[in-house]
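Consider the two complexes below, in which subunit A is the common component and subunit B and subunit C are the respective partners.
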Partner chain A sequence: MSSVLNINNLTLSFKTLMQRVDVLHGIDLRIEAGEKVALVGESGSGKSVTARIILGLLQETRSAVVHGSVLFDGKDINTLTRKERAALRGTAMSMIFQDPSSSLNPVFTIGHQFTEVLKRREAKISQADCKKRCLKALIEVAIPEPARVLSSYPFQLSGGMNQRVMIAMALANQPSLLLADEPGTALDVSVQAQTLKLMHKMVTNHNTAVLFISHNLGVVREFADRVYVIYRGNIVEDGPTAALFANPTHPYTRALMAAVPRITGTGLPQVPEFSDEFLAPRVSHGVNP
Partner chain B sequence: MIRALRILASNPLSLFGLLLVVLIVLVAILAPWIAPFPTHNGAVVDFAFANKAPGARNWMGTDLVGRDIFSRILYAYQISLTLGIVVLAIATPIGTVVGLIAGYSGGWLGTVLMRIVDVFLSIPPLVLAIAMMGVLEPTLTNAMLAVTVMWWPWYARLVYSVARSEREEGYVLAAEVIGANTAHITFREILPNCLPAIITKMTLDMGFVIIIASSLSFLGLGVQPPTPDLGSMVAEGARYLPDSWWLTVFPGLAILVAVFGFNLLGDGLRDVFGVDE
Partner chain C sequence: MASVIGLLFRRLLISFIVLIGVSMLIFAIARVIPGDPARIALGPNAKAEQIEQLRAEMHLDESLPVQYAQFLSDLSRGDLGTSLYTNRPVTTDIVQFLPATLELVFLAGLIMVLVGLPLGILAARYQGRWPDHLVRILALLTVSAPGFVWAVILMLLFAFYLPLFPIAGRIADIHEVQRITGFLIIDTLLAGNVAAFGSAIHHIILPAVALSLSGIGQAARLTRANMVETYKKPYIEMAHAYGFFPNRIARSYAFKPSLIPSLTIIGLDFAAMLGNAFLVEAVFAWPGLSRYGVAVILRKDLNAIMGTVLIIALTFLIVNIIVDLLIAFLNPRIRYSTREAS
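Coming up: the complex of A and B.
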């Protein structure tokens, strides 16, 4: 089976004038076509930089040193030219962000921005065709009055609406991989749950593979087929969601799961900043169930 | 647009500024038709009426060779406005492009561009313009050139700072992620978000450009006689103060009204766009 994404021994370090900071220490990660994979870890563990490497954005930063292979549809992102990488973005892969409202440019209407996205794939798409496809995409994400939304500006819509617009835009060009960087964290919990459910349905319908980046274990459990736990630039545990949640083995995964707030309010255990326990070797729960 | 006008109109001072600006632009355009002595904008002498105090025939008096000061002020507004518009029309795009490129791409290119801007900003603006005019021939075109050269760095600085903060916004990353190229992000995504600040500064600057241009011609380095210019009219009359006060006071008031109008309007626009200082 050919993977959409196959990351092998990926390392990343940032070099400054005086020193070199290692951020990722050899990550292995694989996503099959249509699979929903979560990457879980605390802030600063290397989740977001991994997404930026897959998109090929960090490779263009002079201070970043990237080694290893990132095979996307069989092509190594690290060895592609700048132009080839740019051609993949927005067509074969796309991304959804934390704060949907700031991800849309405030000075253009939704319709205008949606058109630009569609033009990425088909530069000569006709006005009428474009409008039809925008409307269809918005209906698909359950937006009422899609015509009104198309002529609205992002700040005239609620955060939940903007998030749904972002999902529609991200999937409009039928990408084979969707990167979701803590989607909806800026929204309130009920809206977040609603949009995640919608996103789950959408990616299943489109058979889009997803790399879901999050620190929210509850959300991950609902959403993902398979989970990778990342700690300080190392994958410490991975496996099918059910197996990993049923039997968290690595000390860091256990600590992370113990730190989930509960409604009974029994207080939170402290996850230590450093612990020798967390350096335990990687635990793998086997491949797909 | 209607919303903007309503916010503008809700502040009486901004509305007053808008009225002054509209009035000045109108009288400047209509000068040939509404000036009581349209020929007095050039080399005309009428010694029978030289140096007369304001009266029924000449509302603002006459100058040393008998020309109607009111008529000359109307024509001088034409020169001032033309100069202001041309200077801003050239300085703003140059400064904006430099600021955008430096602000978005950053790196060594941004550093080099902004250090060049700093070199310009380190010289007091009027001194730079005076130095240039000292070398060049004192004509209207050269005055525009001198003021433009000292003006664009301020726009570069302004747009740079706005672009720096805009590039951290989510929509820039979102555009990068859909594969938009640098030119598209710089000019189609970031620039529209810088426009409110640019337009506000342009309105505020109209007044300052008029002052600088008047200062140049006050020093004899700007537009040359017999072309009427507010600055040179003030300079001419200054020697005859306080006896022939109308020679200086009316052109001076004309400068004040213009600068006041543009500043009030600029302040009002700042509220409309919600731009911070």
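Coming up: the complex of A and C.
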């Protein structure tokens, strides 16, 4: 198999002094090379922790108990050593966060931070090479005056600009997997749409696989090839985007889709906090590729 | 660069106004507290005419505003008047005693920064684990007692029971060092006298450590607290997500943004050492400004009190200006906003 990512029966729980809280109850998820996969669910459904497990960050927290296998390029992230996991981050996989402006360090210039990222792949890269590659990467994400941006601090740039920088940084080391955790949710809608379009173009050009984490069905429909719907730590429905949107079968997916506000003005639809229906078994559309 | 010069200029202007205010306040307070300086200076057996004559010489028979104006015009000529206690010009006294105090305070400040900040980084890096607990206990311990208490404890432990360090003084008597700057550490080096330099270092360690201890605790606690906040920021998670080494994240990505809010307080702590130094100097018989300051206050030596307070206020202000400039240098937001403003 040429899967970039293959998650099998992944469980996660947090143990505190008094109790154990189960967060993920056996997740299966697969991403092929160059495939754009979305993970959709409400807040607290376990989307973001899944991304942090793939990055190998959560395994380093003492309160987290992770079981199951997370095969990345054939290697199980869960059984790698701390050092081996760190070696994958920023090189073979990278991540884009919600708010670009607060995800960049406020006291270093963009150029400094970009250089640090490039050095993850090539520790001994020369100053001149670095500069050249930074400029090229910034031009690729359609940043005007890239030289000025490199010597700027994040607070001097707009949110949309910072998001473009984040995208350029995330793809600079040619990762095989990009994790995008609700990218650009902090931006206004039109800028978010612009940067998502750009990201879509970039990952298609670079043939980078993406795990796109979102609660926004409209965005997911535009972006992803395949969708997983997650509810309370369980995958409840999955399938190719077109098939899933044409025929949402699981009650939770249907409720989620009904919850998208309509422009016709029928008021805000409601998703019940909890419903027995939502515990219905998993639905898979079509054949998994 | 222009913005930093503008900032410096504004701070200097404000400092000048503060100095004027301090001088007025101390001028008034020193004259309002009971006791006639002329009578104290001349002793109980002096005749009434003699006292009257001295009062006239010191302009004490005139109104406060006139006296203050007289003081200012003398000050503008660099004349702080004569000390009744040493019978020498106050400026001469200050030039003689200040370097010893500054030497002590600078070294203590250096120890505070060089030990306190790394301890804070260490605690934040291993937050909730044993290095963190250890640093927090030590910090609490050191800030719980003022410098002079530590001075007595250190002196007992390391100069008396375990005689590793000399018990008092600035340098062993056998060394003759020509006075150039007044800073013994520098003067002995300039003279190329290694033995004397060693002796000066040997003498200054205990008082400097005693003076710096509570500052170390304060700096460590502050750095830790600010860094723990910084660790919650998305850019730290991003640094982890890009696989940077945890030690590097602590030293660079988390420390630098946290240093800016810590720095103001550390600067104030540093300046406050000048006050604490008075008591530490008393314990170690350190021939600095403190013995002079205490003596002149008790004798109501007006000119000397004014001179001592002014020089301390001036040092305080200079330290604050340096801290402000450092912050402007470290924080791009300030650096650039001042540029836009000017």
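In the analysis below, the second predicted complex is superposed on the first by the 285 of 289 C-alpha atoms of A that agree within 3 Å, B and C clash if a C-alpha of one lies under 4 Å from a C-alpha of the other, contacts with A are read in each partner's own complex, and residues count from 1 in each chain.
Note that in this section contacts are C-beta pairs under 8 Å (C-beta built on N, C-alpha and C of every residue); 3 or more make two chains touch, one makes a residue touch a chain.
Treat the numbers as computed from the prediction; the structure is a model and nothing was measured.
Partners subunit B and subunit C clash in the overlay (superposition on subunit A). When the shared chain is aligned, subunit B and subunit C each come close enough to touch A:V117.
Look at A:G90: by the touch rule set out above, it reaches both subunit B and subunit C.
Of the two partner chains, neither subunit B nor subunit C is touched by A:S151. By the touch criterion defined above, A:Q174 lies against neither subunit B nor subunit C after alignment on the C-alpha atoms of chain A. Contacts of A:S63 after superposition: neither subunit B nor subunit C is touched. In the superposition on chain A, A:N205 makes contact with neither subunit B nor subunit C.
On subunit A, the surface touched by subunit B in one complex and the surface touched by subunit C in the other have residues 55, 57, 86-91, 94-95, 97-99, 102-108, 116-117, 120 in common. Listed in rising order, the residues of subunit B touching subunit A in the complex are 107, 169-171, 173-181, 189, 192-193, 195.
Taken together, the subunit A residues at the contact with subunit C in this complex read 55, 57, 86-91, 94-95, 97-99, 102-109, 116-117, 120, 153, 155-156, 179. Note for the complex: subunit A touches subunit B at residues 55, 57, 62, 86-91, 94-95, 97-99, 102-108, 116-117, 120. The part of subunit C that touches subunit A in the complex is made up of residues 233-235, 237-245, 253, 256-257, 260, 330-333, 336.
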